[in-house]
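Each of the next two complexes has chain A plus one more chain, namely chain B in the first and chain C in the second.
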Partner chain A sequence: MRLTRLTYRGVIFLAYLVMLLPVLLLVVTSFFKDTIITFPPSGLSLEWYANAIDREEFLSGFIVSFKVAALATLIGVPLGMAAALALTRSAIRGKQAITTFLLGPIIVPGIVAGTALYLTFLVAQNQLDMDIVGTLPGLVAAHILLTIPWTVRVATAGLQGLDKSVEEAAANLGARPWTVFMRVTLPMMRPAIVAASMFSFIQSFENLELTLLLVGPGMSTLPIAMLNYLEFQIDPTLAAVATIQVVVIAAMMLITDRYVKLSRIV
Partner chain B sequence: MAKLVLPAGLLVLLLLGGPMLLMLRYSFNEYDPLYIMQQAFTFENYAKAVVDPYYQKILMTTITVALTCTVLTTLLAYGPAYWLARMESRWKSKLTILTMFPLLVGGVVRSAGYLALLSTTGLINATLLGLGIISEPLTLLYTPGAVIFATVGIVLPYMILTLASVIESIPRQVEDAAANLGARPATAFFRVLVPLSLPGVLAGASLVFILCMNAYATPLLLGGPQFQMMAPAVYEQFAKASNWPFGAALAFILLMVTVILTTVGSSVIAKRYKAG
Partner chain C sequence: MKSLELENVCKKFGEAVAVTDMSMHILTGELVSLLGPSGCGKTTTLRMVAGFVEPSSGSIRINGRDVTKLAPYERNTALVFQSYALFPHMTVAQNVGFGLEMRKVGKAEREEKSIEALKRVRLDHLSDRYPRQLSGGQQQRAALARGLVLNPDIFLLDEPLSNLDAKLRGEVRSEIRGLQQSLELTTLMVTHDQEEALTMSDKLVLMEAGSVRQSGTAQDLYEQPADAFVADFVGRSNVIKGRIEDGKFRTTDGTFMPTLPGAVADAQYYTLRPEKISLSREGDGVEGTLLERLYLGAQTEYTVRVGETSISVVTATPGPDDMRAGLRVGDAVRLAWDVASVRLLNN
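What follows is the complex of A and B.
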């Protein structure tokens, strides 16, 4: 009995250690002085952060990733919210099938969807006589495939609990449909919108597989820049870049959690 | 109101449905070194992927790694999921966020973390050397074990969160009833909790299996040059070999194998448990 308890606690500890230690390790090593990551370090330093910002590929990768994630979120979240609203509120036939279809992009493996998009973009390039692969619009188009399904997934859960009678009351009291939507429905949807935006942004920002073939010279995302760097070495500069990303994402999660309880979403 | 589905639906159709059909068509074309490919209708690419020992091995490695990771993840995740689901303190929501956090940090950053953990100068070797347990650094990196370890760590949060939400929906009284009726903890666990949480196990395991089958960064960074899995192999056909028809066929084989194994696997487990 005591042994079972001990194993139970041991497994819990081990699971969290395996999950969190690598992230923690990167944050810690980003302050190490030595060029090659060694334990214990000979001293501490902040120079790798300066080094990280100086490296063109990381800075431009960060900017590209940020732009792509922001634009894809801006386009995908309203469309996804509209679809989620229709799926939870109206009586369309084949709801389940439509939901599965809209979630399709996150069910189909990123590497498969990414290659299919790459081939399609090449055909379109030939037909239209313009560049798509390796351009910002191309990347944004691809990442809409992340932001739409994540919005649908997060929002359908969030919208299910909304009380329809409040809207009906507003309508009965003489509010026009547009007023009802702007003054009642939209404010009620705010937590779902915030959560969907955060998930969409982060999923786009950190995506690797879907993006791999769609980047081009000068138009690469941060995860791909990091991966290319990692194929040669792991050093404190990379740890510094990773730490910046970790801090940005943690901040986004904490801010979002003030609006909507994250623990209720996934 | 129903029309609100249309914009999102059309975009998914345009950006996913269409491209998948195009790739399916390409997978039946013939490779041509000069023009990349010729219009044709041949099953040659699929045959090559299935018959060629080189690609057979890649597919087998991928399936073995994915199955191993799925089993290990399930075993490792059940305890923490139960703990999280049954927790009643104010820490619960904080811990849920902490569990979600690694997911949102992203695979590349986390793979880098596993590199720093497992490399010859990494934390594990440094600790063991420092304690005098070993005199030479162990080769932990560039082994199948490293890939499995890192992949399990990366997919673990998905499993814990999926399982926890299902366990949470099982009333605590059911467990109490089993105990009151004289079931020992082990019996209560295997005969009551596991069957009731089976939907969660299956949902989590399917998700994890799909993610493992398609892992890209971990095999590339932690497996070393000799270790080959499907996702990097697909990428290579387009980025380096420029054999589109064959790459397209490989992508579809990966998709098909994943879908078939996921559906067959879940229905077999579900049936077995119902019969038992």
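What follows is the complex of A and C.
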């Protein structure tokens, strides 16, 4: 009995270790003094953080990533929620096919989808005589292809548990369809909406493959700025940037968790 | 005066017939139960009255007004759902006030009426709680108050006791019935539980496979069942198949059963309540073998094999001096009953 419990705890500990070790190492090395990572370090310093903040490409990359993720979430989540609601509620034919279609963008490898988008954008640019590749609208449009499927994926599960009779009760008490939606359906969907928004934002914020061909001068996202930096240098600046990113995302998660228990949805 | 009338209401879902030719009439202050096994169409009927399902044909009138085509929010019915369906993000008071808010009642009056309704169900002390903080019984009382507060034309109850544990059930049963009678609520209740229906209703409508098999008071259905299905569904019955030969009922395995003279010639079922049969070790009566004895406390239930037929007998548990106290499985027994309590049915 005691042995099985110990084994159980051991396995859980190992699982956490495997998941968190790379992140922990990243955080630790960001404080190392040496340019080339050595162990043990010759000393600790904050110079890489200073370097990260000094370098213009990281700050502008962060701002672009934040804008793109926020806009793509703001547009994609309502659309994805509407789709998820329709897919869980109504008796439309070919539900399975529609679901697969909507999840498509995250099933297709990102680099393939990115290439396809790049070619499409080029054609569109010629036809419309306007810039799309390397612009904010172009990036947002591309990232909506990430936020819609993630919303559908996260929200469908959440909406399936939603008791339809609660909405019927509202109608029975005299609420018209729009009132039912605003006063009952939407508040009940709140946990699913929050979870979907979180996932969508993070997926967009950290995306690399889909975005790779779509950025342009002065319009690059943080992951791509990091990749570019990595091509020429291997000092711990990237570890510092990544640590800041981890802290920001963790803070977002914690704040969200205060309002909606994430563990209840995911 | 309040009333609910259904006239030749039918509902088909595609090819499947859910309800056929349903007619009934409920008057002010009456509680009528729709009783039947699952899938008999009773819930569909209730949902048609509430407006969630549109009848394929026929009409529904509430207080004489035709509501057949009206949306749920255009009818003044109050449905208490089986799952209670309270709004999880609103407090008990907000739940109860919701219907009044939809009717544009001012805040002060809304609060006053909500508290009054909650007092009726003894829940006023929990008005600030959220539904998830209430027990099952309390949730149900909140759901009742949410309907009561609107003074609805028709009160609709969907399996009101099914989600409560056995101990609470009897209590809630009399509480709902008491409330219904003191407020003279015109009520339609759906249930699959015959005990619930028998004890709570003024009138019962027994349904099977989408149509009404019999309607009337609990006594009518119990004592004058129209067919073998009713006889077995309301209370319990021994239903023995056979036919009339030479003026007497002969079971399919050939046993002649005591029959009153002048029995209807086309009778196919011999029905007899288990509690109308007396069982003894010897004496007059039909001979049989004891197959099973179930001790239920105050009562004992015996299963006796007569020819090829099993007959259930329910008697008060015999005292220690009674000859039947020592009966064992396999013993020969005699069954006797008053022929007048037999009902011969032809379907």
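The criterion applied here is as follows: the second predicted complex is superposed on the first by the 236 of 266 C-alpha atoms of A that agree within 3 Å, B and C clash if a C-alpha of one lies under 4 Å from a C-alpha of the other, contacts with A are read in each partner's own complex, and residues count from 1 in each chain.
Note that a contact is a pair of C-beta atoms (placed from the backbone, for glycine too) under 8 Å apart; a residue touches a chain by one contact, two chains touch by 3 or more.
Just so it is clear, the model here is predicted, and its values are computed rather than measured.
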item	value
Overlay on chain A: chain C relative to chain B, clash or fit	fit
Which of chain B and chain C A:247 touches, first, second, both or neither	neither
First (chain B), second (chain C), both or neither touched by A:112	first
Touching partner for A:175 - first (chain B), second (chain C), both, neither	second
Contacts of A:141 with chain B and chain C, given as first, second, both or neither	first
Touching partner for A:130 - first (chain B), second (chain C), both, neither	neither
Contacts of A:6 with chain B and chain C, given as first, second, both or neither	neither
Comparing the two partners chain B and chain C, which touches a greater set of residues in chain A	B
Touching partner for A:163 - first (chain B), second (chain C), both, neither	second
Partner chain(s) touched by A:187 [first = chain B, second = chain C, both, neither]	second
Nearest Cα pair across chain B and chain C, whole Å	16
Overlap of chain C and chain B interfaces on chain A (superposed complexes)	none
Residues of chain B touching chain A in the complex	1-5, 7-9, 11-12, 15-20, 22-23, 26, 76-80, 83, 92-93, 96-102, 104-117, 119, 121-123, 126-127, 130, 149-150, 152-153, 156-157, 160-161, 165, 185, 210, 213-214, 216-217, 220-221, 231, 234-235, 238-239, 244, 247-248, 251-252, 254-255, 258
Residues of chain A defined as touching chain B within the complex	1, 4, 8, 11-12, 14-16, 18-26, 29, 36-40, 79-80, 82-83, 85-87, 89-92, 98, 101-102, 104-105, 107-113, 115-120, 123, 141-142, 144-145, 148-149, 152, 202, 205-209, 212-213, 223, 226-227, 230-231, 234, 238-239, 242, 245-246, 249-250, 253, 257, 261-263, 266
Chain C-facing residues of chain A, complex	163, 165-166, 168-176, 179, 183-184, 187-188, 190
Residues of chain C defined as touching chain A within the complex	50-52, 71-73, 77-79, 81-83, 85-89, 98-99, 102-103, 146, 150
